[in-house]
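Each of the next two complexes has chain A plus one other chain: chain B in the first, chain C in the second.
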Partner chain A sequence: MIKQPSLLSRSNIVYTVIVGVLIVLPFVLDSRTMTILLTQFCIFAILAMSYDILLGYTGIISFGHAMFFGIGAYTTAIMLSDFGPTVGIFAASIVVGIVLSAIISVISGALTLRLKSHFYAMFTLAISGLFLVLAEKWRTVTKGNDGFTFRAPELFRERLYFYFLVLICLVIVFILLKRIVASPFGKVLIAIRENEQRTRSLGYKTLGYKIIASVIAGVVASLAGSLYVISLRFVNTSVLTMDITLDALMMTIIGGVGTLIGPIIGAGVIEFAQHYLSGLARDYPIFERWIIFFGILYILAVIFFPRGIVGTISSSYNGWKLKKGQKKTVKLIEKEEIQQ
Partner chain B sequence: MEPILKTSNLSIKFGEHKAVDNVNFEISAKHFKSIIGPNGAGKTTFFNLLSGELEPTEGDVYLKGQSLRKKSSVDRTRLGIGRSFQITNVFPNLTVLENVRLAVQSKRKVRFHMLHHFLKYKEITNEAAEILEQVLLTDKMHQVANQLSHGEKRKLEIGMLLALDTEILLLDEPTAGMSLEEVPAILDVIRSIKERGDKTILLIEHKMDMIIDLSDSIMVLFNGSLLADGTPEEIMENETVQKAYLGGLAYE
Partner chain C sequence: MEVLIGLVINGLATGMLIFLLAAGLTLIFGLMDVLNFAHGGLFVWGAYTGVFTYLWSNSFLVGIIVAILTGLVLGFVTEKLIITPVYGNHVQQILITLGFMLVLQEMIKVVFGPNGVPVTVPKYLSGSWQIGDLTIIKYRIFIIAVGFALFGLLYFILNRTKIGLVVRAGVMNREMTQALGINIKRVFLIVFMCGAALASLGGMLMAPYTTVVYAEMGMEYAILGFIVVVIGGMGSFQGSLMAAILVGLAGSFMAYYVPSLSVAVNMILMAIVLIFRPQGLFKVAKG
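Right, the complex of A and B next:
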C-alpha cells in the first residue's frame, strides 16, 4: 500500500508546535535582547535552509554562499539609505536582491557547476572572494570595510513586529522549500546527490537541475541577507565573509543535512550557544575564548553525530520502530506456536 | 530492413591500447543479440560507446540512420537507448520504489515540476509499482536499495531500465556476481521482456546456456575487434571463436 501525504502527519504536528512556541516565546521571555536573538535565529535558519538545498539535497558543497547573503544585505541597505526607509522600498529591495542573486547564481552555476565537487567548492570561494574585494574597494557605494548605518522603515523599529515578519518569512520559506524537495524536481535533486552519473543515464540533464538548485538557494540566502541588515540597521563587508558561509554550513551539519528542519534547529543551537557562551565570559574569563569551545563542540558533533541532531533522532526512532516491529512479529509467532 | 542501431568503424584508444577496434555492427529492430568475448575483450567499452558514456576516437554510432556523434548519454537515453550497468548502479539510499519511480518520471517527462508533492503523480507511482511486480520486487518496494541482496539489486537495475521504456535495451552482464539460485529469476525476467517482442535487446553475458537459449544472434569480440557475428549455431561451430574461448588465440 502506498501512503498518501497527510496534513495531520507526525512531522506536520511537530512543525506546528515549533511555530506555536516561536510565536509565544517573545511574550514569555519579554526581553528586547531575547527578541533580537530570536530574530537573528530565524534569519540564520532561513540562510541555513537555503544551504541545505545545496548540501543536503543536491550534494553540492559551496564555500561562496555568503555572496548571495551579502547581495541581499547590500541591496536592501543601499536602497533604504538612498531612496528612503519605507516598507515599499524594503519590499522592492528584497525583489531586486532576489533578481540579482538569481542572475549571478545562474551565471556562476553555468560556469562552475560542471566541475567536480571540490573544484566547484574552490571556485565558489574565489567568486565570493571577488565580491568581498568589490565591496571593500567600491567605497562610494559600500563605504568599504567600515560600512554604513541606515534607517529601517518605521514599522520595523518595533522589534516585535520585525520578529514576526521574519518568522512569517521563515515559515513561508520552509513550506516552499519543503514542497520543492518533495516534488518530482526535488526527487531528481536527491538522485543527483546519491549518484549523479546514474541520474544522467536515466535521461536527466543534471547541470540544469544543479543550476536551478543553486538559484533557489541563492535567492533564499539573499532574502536572509535583506532581513539581516534590517535587524542590525547597519551593513559592512562582514556579510560577505567566509564566516557567514561557515555558520550556514555548521548549522546545517549540526542540525542534520537533507532535512530542512535540521538547519532550523542547528541555527537555534548555534545562535543560543553563541549568546550564552559569550555571556559566560563576564563571570568566567576562560569563556572570553568561547570560540575555541565552539570549535571543540563542532568537532565532537561531527564525530559523534555525523547525521546531525535531526538525522540522529530520526534514525534512532526508525531503529526503535524496527525493533518494536520485530518484537511484535516474534510475539505473534510465539502465540501461533502456543495455539498449535 | 534498415537496422535500428549500427556502428561504422567504431574505435576507441586509451593511450596506445585500442579497446574497441574498428567494429562494424548492426542490429535490426526487435532482435535479441548477445555479445560474448573473454574478459578484457572490450564488451563493456563497446556498450559505453553505444550509450555515450565514452566518445569514440574514430567511427560513429547510428540510431535509425541518424548519427549520434554529438549526442550525450542523456540525449541517447531520451532517443531510446537505455542501459543497465555491470557493476550495480542504483540509488543506494532511496527505496526500491523511489529508484524505479525516478526512471518512470524521466520517461513521462515529469522533470522540472516543483509545485506539487510527488505522491500527487499517482500514475507514476502506480507504473513504478507495476514494474516492480514484473521484476519480482513488490515485497521489497519500501526497502532502501542498499539493503537488497546483490541479485535483488540486479533485478532493480532491470526494473529501472524497463521503466525508462526505451526501444533498445543494453544489458551488461545482468547475472554477474549472482548465486546460482538467483540466476533463474533474472533469466525469467529477461525472457518475458523478449517474449513481449517490443524491444531490441543487446546482452553481454558469460553464461553460454543462457545466451543460446535467448539470442537470435551472437557477436564475438576479441581484443576489441569483431571476431564473428551470426546465429547461435554458426557461432558455436566457428573454429576461431572456439580457439578464442579455449585460449588458442593469443591476446595482442
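Right, the complex of A and C next:
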C-alpha cells in the first residue's frame, strides 16, 4: 500500500517553521540592508530551485540559465519604464517574460536535447553568450552595459512589502515544483536522470519530457529575473552574465542537487557568506575575490559531497535511522527469543 | 578584390587562433569523452604569463616559451587534480571543469590584477606590407603561418608516429586500445598537457592581435572553441581546423558586409550544423 504523506509530516512542519522564521526575521532584525539581503536570498532561491529541476531531477546541465533570468529582468524593466510603474504592468511583464523564456527554451531544447549532455551544455553556454552580446549592442532598447534605472510600482517601493511578495513567490514556486517532481511526470524526469536509455525503452518519449523540464526551469528563472530587477530598480547587462548561471549552479551543488530544499539552503549560505565576505574585503583585499573560495568549495563539493549539504545530511540521517531500526529489530528478536 | 583578400587574411588569422584552442578540446574529447570547460582558463593563463614575461624581458620568443610551459604545467595539474577524481562521470566532469575555469579566471585577477593589460606587437612583426591598394598586416600573416605550421606538425605526429597512432586508435575505440596493453590514461595525460599548451600558445598569440589581455577573454574564446568543436565534429582533428577557418572567415565577412549579424553568425552556423548534421561536418569513425 502506498503511504499517503500526511499534512503534518515532519518535513512539512520543518518547512512551516522555516517560512515562519522568514516572515518574522525582517521585523526582528529591523534593518534595511537585512531586508534587502533577505529579498535577494529569496530571489536567488527561486532561481536555484529552477536550476535544480534541470540538474537535480532531469540530469541536464545548462550553462545558459542566466539567459532566462535576463529575459525576465529586461522584460520587466523595459515594460515598467515604457508603460509606467503600476502593479498591473508588472504582472503583465512577468507573463511576457515567461512566454518569451518558454519559446526560447523550447527552441534550444529541441535543437540539442536529443544529443549527448555535452551539446546542451555547450549550446546553452553559446546562446546565452549571444544574448549578452545582443543586450550590449542593442543600445536603443537596453542602453547597453550602462543599463538604466526605472520606477518600481508604488506598492513595492516599501521594501518590506516587496520582501513579502518575493517570499510568497518563493513559497508558491516551492510548492508547485514539489508537486511537479512528485507527480508521475516528475518520476519520469528522475528516471531519465538515472537511465535515459532504459526510460526510452519503457516507452517514454524522453525528448518531450526533457524539453518540458527545460521550459519549466526557464519560466521559473524568468520569474526570478523579473523580481530581481524590481528589488534593484535598475537593470544592466550583468543580469545576463555567466555569474548568474554560476551562482545558481553553486547554490544548487552546495545545497544539494535533486532536493529542492537544498538549493534554497545553498542560496542562503551563498548570499549571506557573500555579504559578510565582501564586508571583510575592506580589511583583507583577498576577500574581494570571494568567488575563488566558492569556486574551490564548489570543486570540493563536486568531488567529495556530490549530494551537497542536504543530500549528505539526509543520507547520513537515513543511515543512522536504519542502524537504529536494525538495533530495534535485533532487540525485538532477542526479546522474543527470551520469551520463548 | 583588395577588400576580399584583406577579409580572407583576417578570417584566416582569427580562425588559426581558434584552431589552437579547439585542437586540444577536440582531441581531449575524442580520447576520453571529457569536455574540458576549463580550456578557456588555460588559454587566458597562457596569455597572461606569456605577456608579462614578454613585457618584462622584451623578448616575444621568451614570452611564447613561458606561455607553452605554463600550459604544460597547468595541463598536468588540471588533469591530475580535476579530471582524474571524477573520471567516468560526465555530469560531474562538466560541472567540475566549469568550476575550475571560474577559479582560474579569478586567480588571474588576484595574481595579475583585475584590469586589462595592453600589449603591442614586437618590432620585427609590426607594420604592414603595401601591395597596390592592398595592406597586409605582418602579424596576421605570422599567425596564419604559425597556425598552419602547427597543424602540419600535429598532423605529422598524429599520422606518422607511434604516439599519434595510439592517440588515433584511442579516439576510435578506447577499450580496444586498452585491451592491446596501452596505458590509455598516460596517453590521455600527454594529450591533455599538449592540448593545454596549444591553448596557452593560442592565448599568447592572441594578445598582440587584440592589443589587450583581460581575464574574461578565456570564456569568450572558449565559447568560440566549443562552437568550432561542434561544427567540426567532436574528436575530429582535421574537422576542427576546417571549422575554425569557417568560423573565422564567416566572422570577418559578416563583420564587413552585415555588421549587425556578425555576433550571431557563429551561433547560426552551429544551429544549422546541429539541425542537419549533429555529429559535425567531419564525423569520427567510432568503432
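Basically, the second predicted complex is superposed on the first by the 325 of 340 C-alpha atoms of A that agree within 3 Å, B and C clash if a C-alpha of one lies under 4 Å from a C-alpha of the other, contacts with A are read in each partner's own complex, and residues count from 1 in each chain.
What we mean here is this: a residue touches a chain if its C-beta (ideal position, glycine included) is under 8 Å from a C-beta of that chain, and two chains touch if they have at least 3 such contacts.
Here the structure is a predicted model, which is why all the values come from computation and not from measurement.
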item: Partner chain(s) touched by A:R179 [first = chain B, second = chain C, both, neither]; value: first
item: Chain B versus chain C as contact partner of A:I296, first or second or both or neither; value: second
item: Which superposed partner A:V141 touches (first chain B, second chain C, both, neither); value: neither
item: Touching partner for A:V17 - first (chain B), second (chain C), both, neither; value: neither
item: Touching partner for A:R198 - first (chain B), second (chain C), both, neither; value: first
item: Larger contact residue set on chain A - chain B or chain C; value: C
item: Chain C-contacting residues of chain A that also contact chain B; value: none
item: Chain C-facing residues of chain A, complex; value: 55, 59, 61, 63, 111-112, 114-119, 121-123, 125-127, 129-130, 133-134, 137, 242, 246, 249-250, 253, 286, 289, 291-292, 295-296, 298-299, 302-303, 306
item: Of all residues in chain B, those that touch chain A in their complex; value: 51, 53, 72-74, 77-78, 83, 85, 89-94, 97-98, 101-103, 105-107, 110-119, 121, 124-125, 129, 160, 164
item: Residues of chain A that touch chain B when the two form their complex; value: 2-5, 179-180, 182-188, 190-191, 194-195, 197-205, 208, 212
item: Residues of chain C defined as touching chain A within the complex; value: 29, 35, 37, 82, 85-86, 90-92, 94-96, 98-100, 102-103, 106-107, 109-110, 219-220, 223, 226-227, 229-230, 234, 260, 263-264, 266-267, 270-271, 274-275, 278
